[in-house]
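First chain A sits with chain B, and in the next complex the same chain sits with chain C.
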Partner chain A sequence: MKGYQEYFLRKLGWFLITFVFAFLLNFILPRMMPGDPVAVITQRVTQGMTSQTGVAKIYQEYSELFGTNKPMLEQFFLYVKNVSQGNFGISFSQYPRPVAEIIKSSIWWTVCLQFPAIIVGWLIGNTLGALAAYLKGGFDKVIMPVSIFVSNFPAFGMAIIMVVIFATTLKWFPISGGYGFDQIPNMSWTFVWSVIVHYQLPFWSIVLISIGGQAIGMRSMSIYELNADYVKYSRFLGINDRKIVGYVFRNAMLPQVTGLALSIGTMVGGALVAEIIFSYPGLGNTILKAVVGQDYPLISGVTLIITLMVLSANFIIEIIYGIIDPRIKATQAD
Partner chain B sequence: MSNVMLEVRELTTKYVTRFGEDIYAVDHVSLKVEEGKTLGIAGESGCGKSTLALSLMGYYFAPLHYTSGEIIIDGRNISGMNPNDVRKSILGKEIAYIPQAAMNALNPTRKIIHFIEDVIKEHELYITKKDIYDRARKLFETLGLSADVLQKYPVELSGGMKQRTVIAISVLLLPKVLIADEPSSALDVTSQKMVIKMLRKLMETGLISSLIFITHELPLLYNVADDIMVMYAGQIVEHGNAKQTVFDPIHPYAKGLMGSIIVPEKGLRDVKLTAIPGVPPNLKNPPSGCRFAERCKYVQPECKTHSINLNEVDGGRAYRCIFSEEKLREAYQNG
Partner chain C sequence: MKNMLQQIFRSSKFLIGFTIFMTMLLTVIIYPLIVKDEPLAIIGQGTFFEPGIYVNVFDSINSTHYTLSLNDAAARRIASKLGDQERLDMKDWLLAFGIPENEIDIHDNTKLMELWVNNYDSKLALGMTSAKRNYYARLDKSLKGILGTEGVIIAIKNTETGLLEETNSIVQTDYVNIGQVSSIRILPLGTDNFGRDILTELVSATRTSLQIGFVAGIIATLIGLTLGLFAGYIGGLVDDVIMFITNLFTVIPGFVLLILISFSIGQEQRGAITVAVVIGFTSWVWTARAVRSQVVSLRNRDHVNLSKLSGHSIVHIILADILPYIASYVIMALILQISSGILAEAGLSILGLGPKTTEVPTLGLMMNWAMIYSAHVTGKWWAYIPVLVTIAMVSFSMNLMNTGLDQVFNPALRD
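And then the complex of A and B:
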């Protein structure tokens, strides 16, 4: 088990290094955006005020509150200290709500939408790909072109198509939101039902997109493995076909596990777009509002959380990968 | 006369391509291997050696298909058997196979011992893991392999080690016939030697009763085999004992093939190796007459129209040529 321990520590090391860099970028990038967000808030609050000294005073107060009047380095250490205590500061655009609270209220929407969608899409896609490789013939001839077609849709395109078909034309599902606009979040059945109904379109739009790519990848990997030398050899030793298919799909799965890590990575990019289109109350929408409102504590907070999620997902998958594929361990241990 | 372990009569198999064309890669091949003997099969690449190896197993899967002929292993005809019965009671137990690319013959994500468990459980239902382990360990030790190998993944073994592990796994169930398809190609010379030694040991210790050794390396074949068969374009063109076939071939193709061996001796620098011009015919539409006619120095017009039979000569030899033995020898004398 020594080799595995080394592999684990190495991966953990890389995880931490990546996290530190991501953290730094997270702090610096929003502060490099053009424009003065404090001025924007001051302007909003002081609308109609004529006293120049009054405006300047309010500007100064806000600067103090947000810490923007301090030197960059001091701001950074203050930020590190606060973040470590779970304090991401106060939102500019939704003043005076703390960033932590905004994230807390939206993160579960995103996690509950994206993770199941990605996992379901991955499972369905891989099953279809494996079947297409094994059954060949007509099944393959249908699955392949459909997969290629579907996987080339951008996330927003798929979302809009779903809205047009199922919401506007068929009126089966609501157009947008996480729950009915006339509801207040509680544990009643009407609310839960409303959440379920609103969940369907964004969920399936993400699932459909991930199915295609996974199916194509799994199909070609399976075909490659089915023709591998060990398949022929195992057959000639009398091992039954079902067991050989087991070998083949287990080996074909390995690169697909990386695919899973990557699609969790795309959560930040592609799939967040679906959230925005459906006005889903998740992180995607929050980050959009934050960018529009030049709300850098909120941007930093959200991107930090997303970075942490993606890095952790990748870390966990690499750890699992080391367990299921002996070759990875062997090459990394050298 | 000792027991015949494997007898093959007029075996014909074909590949069916994606476009539905039939390619007869093994065409009416007959052979016999006696107990304790090694049969060598020689020929250049693409002449059907490996396909013959696959066909001899009696278990076919696409794109290879059985057409006609009989395979008799130790008196038991397996040609008409249900494929599932062949799989359970013949493969590995009666006849076993060592693949050409042993490097990739093991499932990369399965420990050697787990793979061995899969193999044995397929043939013996009531056997415990411990018994399997003991048997595998004993076999490995007999063959000079460390028992530690059992607990390893294929990726942790060197090339030569993998090859020897594959050989050991192939003989787990003590097959009567072992078919080794170029077991030593792609190995360095030292590993090659170890593989050959191991194959010899299998025969000496009685783990196998007969061996079919396929290679294009003729000097190696001469060292290992008792009898040699030369294949060309899916057919046997010459058959005889090793010494005669290598040093005194009858068929023009065998003659050409043996002429391409380098013999390290004095004056080697001045010796020009003779190569056979051309390539083997495409078996999609094989020539109607002699298949070697296109490349033969001594070709006659009727070679291309008549199909040629295998002529038996004294001493259990046979060759496939329109000329008589004397006439061929005369032609070789005159260059």
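And then the complex of A and C:
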């Protein structure tokens, strides 16, 4: 277990470092705005406001909230203290709801939509890619161009096409939302059914998008492995083809797991935009609302949470990779 | 070099991608030379005019009229107002009014209209919702005189007496030659929610988006290439530092940075080029990683060592002995960066963080407008399908070129 423990600790350390760095960026980037950030925010919030005392009050409130009248270091510690208590401030656009509460109400929609979809897309994509590499011929000739096309298609484009075909034209599924607009979230069957029905289109559009890229990657990895010397030698020895293919795909799979860890950030980004097309009640729509409402605390909170989500997903994949990669186990034998 | 180009153009994937891309590029360059309209000029009053040829009614009244006796003209005129659905709706009303079913023949125009004109009364509710009643009122109005054979009189109001003076009359067999009508506007893709010509807008948007892609791609590639070269060639501490930063930005999602920076810059300061620069600065990571690993494998080749022994400077070695070997790779990375830059702009614009909307359209902004005005729900396909197709074509053609190049330079991937 020693080899794995070391691997685990190294990955954990890396996770912490990246998080601290992301946290710093989240703190610094908005403060690098030219001029006084609070003045800029106040000006945006108070557009069209005529009451001078009101503007002054808002300015005072935000400079207190961000602590911009204090030195940078003190500001930073204030920010750390607030965030560690789960206090992201009060939303501008949905006043007086706290940012933490808005995030809490939307994050599960995103998590339950995106991660299953990405994993299912990854599995299907890898299977198709491996089959394309192994079967070659007609199957490959169809799968490859389609995969290239689909993988370069933006997730929101796929979302729109799904809406147009299955919601507005065929009317099989609802157009938008996370559940019927005539319902209140509860544990009844009608509500659960409504959630399931609303789940289908966003889910499959993300799945379809992630299939393409994975299939292409898996195909080239498998072709590479199929041409490797050990395969030729095994064939020469007369080992059953099925057995060889098993080895080939296990070997080709490992880089695909790493690939998933590296690309999960981009995938989540694309899927967040797709959520907007479906007006799904997740984080994508929260960002849109925050942008439209010039809601600075909400943007800052949501981006931090998304970063944390992506980093954790990344960490989990790395941990799983450590378990399935025989080379990491092998180090403990040394 | 010539040999290599020949080989590249023999790859069918590259060739298809290249043709699509060049066609788009040429369209973007040539179209504005022919159609000199402002891309954001609002020409239509109202939203989402359907694609088609718009003929000025006033001008066609005043141009020469030709008489054509076409047998199906009347039938078509009736069919355009009195479709199957309308006939069924009329039957419903008549039934509700109390006409026995066997008296209603919805396939006989004359009888049906006679029944309708004799019985329809817009004041009767007959237990219908007011939306339904309004629908019947509209239907009745559009059916007025549909079976008539008399023409229409065009008259001008005399400004002094206020009387109408006949100037022209039109009979049902009058035709105009479209070539003689002085004002016609072809809107191949209709208009958008603001009443702007979508085709002109789309061409301009494609150009801006390609510019954004190029700027973002070139910036990202330059940063990635420089960092990758230094990290790979110099190694040691420089490598460690650069790789630390690169690994950080690999896991910290780029679009989060994009959102934060774009939001911080603010709507007024965000021009198309600013957005492109921001995208460029957040997407260099992959190029840096790839270039570095290539350089590491090149670093100890004989010709590099020889160059080192000959006392060439680091810059010279990098430029003359390393860069040529990774050039193909860098070009492939650049192509992908351009395509992903265009997609990144589109994503940002849908979030409302795209370039400011008053100057130039971009593909993302057009998408954003179509979505805000729910074009996809109301079936106004011309507002978003052409945009989506353009985005898909740009990125598909670039990726085809990339795959083609990949197969030329990596023989293992060839079929």
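Everything that follows uses one rule, which is that the second predicted complex is superposed on the first by the 260 of 334 C-alpha atoms of A that agree within 3 Å, B and C clash if a C-alpha of one lies under 4 Å from a C-alpha of the other, contacts with A are read in each partner's own complex, and residues count from 1 in each chain.
Rule of thumb we're sticking to: a residue touches a chain if its C-beta (ideal position, glycine included) is under 8 Å from a C-beta of that chain, and two chains touch if they have at least 3 such contacts.
No experiment lies behind these values; they were computed from the predicted model shown.
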Contacts of A:247 with chain B and chain C, given as first, second, both or neither: first
Partner with the higher number of touched chain A residues, chain C or chain B: C
Partner chain in contact with A:229 - chain B first, chain C second, else both or neither: first
Touching partner for A:18 - first (chain B), second (chain C), both, neither: second
Which superposed partner A:262 touches (first chain B, second chain C, both, neither): second
Touched partner set for A:106, first chain B, second chain C, both or neither: neither
Contacts on chain A seen with chain B and repeated with chain C across the two complexes: none
Chain C residues touching chain A - in the complex, by the definition given at the top: 247-248, 250-257, 259-261, 263-266, 339, 343, 346-347, 350-353, 367, 371, 376-377, 379, 381, 384, 388, 391-392, 395-396, 398-400, 403, 412-413, 415
Interface residues, chain A side, partner chain C - complex: 14, 17-18, 21-22, 25-26, 29-30, 32-33, 40, 44, 136, 140, 148-149, 151-154, 156-157, 160-161, 163-164, 168, 175-176, 220, 223-224, 227, 262, 265-266, 268-270, 272-273, 276-277, 287-288, 291-292, 296, 299-300, 303, 306-307, 310-311, 314
Partner chain A, residues of chain B touching it in the complex: 57, 59, 61, 87-88, 90-93, 96-97, 99, 101, 103-110, 115, 118-119, 122-123, 153, 155-156, 166, 169-170
Chain B-touching residues of chain A, taken from the complex the two chains share: 228-230, 232-240, 243, 247, 250-251, 254, 324-327, 330
